[in-house]
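Order of writing sets the chain letters: A, B and C. Residues in each chain are counted from 1.
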């Protein structure tokens, strides 16, 4: 039976109500938080459901891994609350609809998932991917669908995800190296939370990169640079992978600058928030985030998620910080060139 | 009647041997355009280089009563330069110079065959703070032909039709005289096509070359700001579109507004995409305009009826490029190399009705459709396109697309729209609906200017 | 295979005309359209006429064939066409030509080109025995040499091409590169034959060459001419088992590795990207790197450069047949005027086809005292200390 496995007894014992008290946008005291959370658990109306920015962070804050965010999304959908305008949601639902267009490269036991992000066509090249080059799945038929967590549509996820998992399974894939946290989080957190069985082993690409760099031994040179790391919303679904950022950085001589908005207190790219809540909040988040990078003396802003890249690369560059995807950062360390770059946009008139 | 050979020789004398053809191949190509109108072959294709050569060709044609059709790139798609009665096609594209830019009076003078692409490039290189209203036709479209068909470009919202931006003409009349129209008829400046004189430009603009051949054209230029951005608004409620357009226009901050609707790729299905272009000389200016646009539809945003899509710089690039290659790509969505659209000029309140008609007709004739609408003036009207793509290798599909277009045109006319760049059949429909006294006035003008009826016959032909 | 593909696809051209332009739309960048100016000579015109011919709407004529064969396969159209089929356009043109060849309906100049290559293994009808007359004792390839230097027909027989060959040999010797040539045993590379649509002849040439390379034990080939480079790299059967380089790639390596020593050479140089090096094979940087390595050289670009470079008009056998000649709008003449406008002393080339076309055009335009055409190896040779 596919459905959210949410254990309300865990919430009864919870002292901190961290899902709401640690929320970066709500500023709730513990009592209010407890009251509102209980309403959500009980399926009653709560202003939290309207106010939620869908930043995913409460998934990480819950010490019991009880999936508070998935419950919020369930409740939003049940109550017809739209975290974003309806046409935006419609656009997303339509654009990722499976239509039988299977984009598959060389079929192998170990394959890369490009999710639905064309950036990886640019990023995946060179020595780091010698072993896996060409063994790729991409597009609607392999799209993890986690994005609908932003749009109060877990129903789309539960409807499509089993088939997506089956599509990947049918290829005979044993290990799926996920290049996007959204996929990794789907297969390691979202699918189990809904009782969807995953017949392959999801591997986070950080782990893959780390092992590749280890394998390349002395060809890896220390970059000796300071970088701010831009955490993305979906990394909240798999917070254990954050440590791998530090591991990779230490291999390639990158200092992760200490700053206010990193680790558990990271700010997301805010473009989803712009679409849902409007420009004032989004602009404020982006400004605080980038100012913080500047203040911390970062030379680079290292991206994990291509969507964050789309949102912020241009903006950090304007502040004199070099944007780079973590795959490209690893390439720099082995003497290869950065492949994902900002388009040199001349003003077209 | 002199022989074909003699005419050929005369044409060779005028433009030189290399630039006259009566060969099967040129006749074949110039007999048709990329659209769905039936072909008709010319007897000759000539490529003049000067106004004097054009005059000579016209005099010859007038003397021998041979039809003559001035042609740009043939991109109207409605067969406006198909020589319906044979004769001489005058391909103007060797007359391709940019003659003068007056920076302080903000106009340019181009020759009769200068392409939109060449003008864009010239201004970018030599006068980067000036621009013209670039249409989304391919860059091979000529400036003159686009003005003659009342084309619209990227500045249509602010400044109207491209023909509104004409600031002077040099025309070879059907009887061979060269005539200047506008301020340039009494002054060396080309700043006005009419005012404060009687505006004679109307004798040529919109006439599809049936009253003369434009050999030079003055065009107004407009400030070109340093920065440009596009905001993409989505709604799924068709009935809101006219009001959204008026609100955007009310800001007086928007340079260009284009609405697109199409069922494929899937991301477009079920929503209307409103591309809103803004410009600025600084980030602050752009930011202010962005805020104005948000504010204009804020209540629709709160009611969740209108959203803004976040777009990366890379995603914006094709929307910002001028002309838009995506417009042309529509021709090959079905791997078939063809599309045509009926583009009625209509009040914006008609948007919902026209969309419904488009969907209905596409389903009825089983053809793939799309629509790109451009706001003209401050909401004074819009060009609504009923676009159908077809496979050029599938005659049945082409016939269905043509029937779909005809039905949409008829519907639009009944709804109070006026057909844009109408084909010869649509011209007849318009003239049937036209005030008889207006039609009579047109007839008198045509007879006066072109007594032998040699100019692009078949078009605007009043019985 | 290619033919079937063009037959089922060619109707997809919408004749929008993007193919005529460079990226910035500043001028016309299709050599035959720029020369003749009838729409029929643009890529759109050509594709529509081929489709009409396939459908039987027009008959074959010599004029039709000339329209088809004035295309220099410079690949500007494929670069600019907005449609998804853009990369296939050259295949379509070549497919239609091969159809005409099979039906024996080709212009006389093209037929003579094939006869010459068939009979003499060069398009000039010059004696096979004279193929290495330029070589002046240059060492023949022997096993153990790292590179086979493949000269090609223009380098072997054309006066300007021979100058290129000689200077390249001298530069490679100066850099102590172990290489040899094939001498009289070398044959035509077949690139033009391929582009002109004589597929049978091309197959023979390719197979014969591959056999000869194998017999000699060749592992790496460096070509003087981008046309040969293109044919061997992209159109020879994959079983060749050898790597192919253009000489500018090798020179870029050698200069980077400091295998050559230069004295200062104060000249202003502009560079003509050869179509078969640039647009066909995406090599734009190496030739420029070589030039910029020489102290004193100022490299200035023509308005149209790199992927927007305007073809010299010599492709698809036109360096012999010259179907675009005879007018001030001939591509080579336009191009040397453009080069002259940069204020350069030297128009650098990396292709013997460009070399011969542009050298002739400099004479016709009376620019001989103002602009000299040299290939990159000649400029390098003159700058060696």
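Simple rule for what comes next: contacts are C-beta pairs under 8 Å (C-beta built on N, C-alpha and C of every residue); 3 or more make two chains touch, one makes a residue touch a chain.
Because the structure is predicted, anything quoted here is derived from the model rather than measured.
Colleague: With chain centres set to the mean of the C-alpha atoms, which chain is at the far end from chain C?
Modeller: So the chain farthest away from chain C turns out to be A.
Colleague: Going by C-alpha centres, which chain would you call the most central?
Modeller: Of all chains shown, the one whose C-alpha centroid lies nearest the global centroid is B.
Colleague: Using the average of all C-alpha atoms in each chain as its centre, how far is it in Å between chain A and chain C?
Modeller: 49
Colleague: From the mean C-alpha coordinate of chain A to that of chain B, what's the distance rounded to whole Å?
Modeller: 46
Colleague: Taking each chain's centre as the mean position of its Cα atoms, how many Å separate chain B from chain C?
Modeller: Those two chain centres are 40 Å apart.
Colleague: Scan chain B for residues touching two or more other chains and write them down.
Modeller: Within chain B, residues 120, 124 contact more than one other chain.
Colleague: Using the touch definition from the top, which residues of chain C touch two or more other chains?
Modeller: There are none in chain C.
Colleague: In their complex, what parts of chain B are in touch with chain A?
Modeller: On the chain B side, the touching residues are 120, 123-124, 128, 131, 224, 226-228, 234-236, 265-272, 290-291, 294, 298, 301, 304-310, 312-315, 317, 320-322.
Colleague: Quick one: in the complex, what on chain A touches chain B?
Modeller: Against chain B, chain A makes touches at 82, 84-88, 90-91, 94-95, 97, 99, 271-272, 274-275, 278-279, 309-311, 314, 342-343, 345, 347-349.
Colleague: Could you list, by residue number, the parts of chain C that touch chain B in their complex?
Modeller: Residues in contact with chain B: 9, 11-18, 20-21, 24-27, 36-40, 45, 48-49, 51-52, 57-59, 61, 63-64, 67, 82-85, 327.
Colleague: For a test of understanding, state which residues of chain B touch chain C in their complex under the given definition.
Modeller: 18-19, 21, 23-26, 28-30, 33-34, 45, 47, 73-75, 91, 93-94, 115-118, 120-122, 124-125, 138-140, 325-326, 328-329, 331-332, 335-339, 391-393
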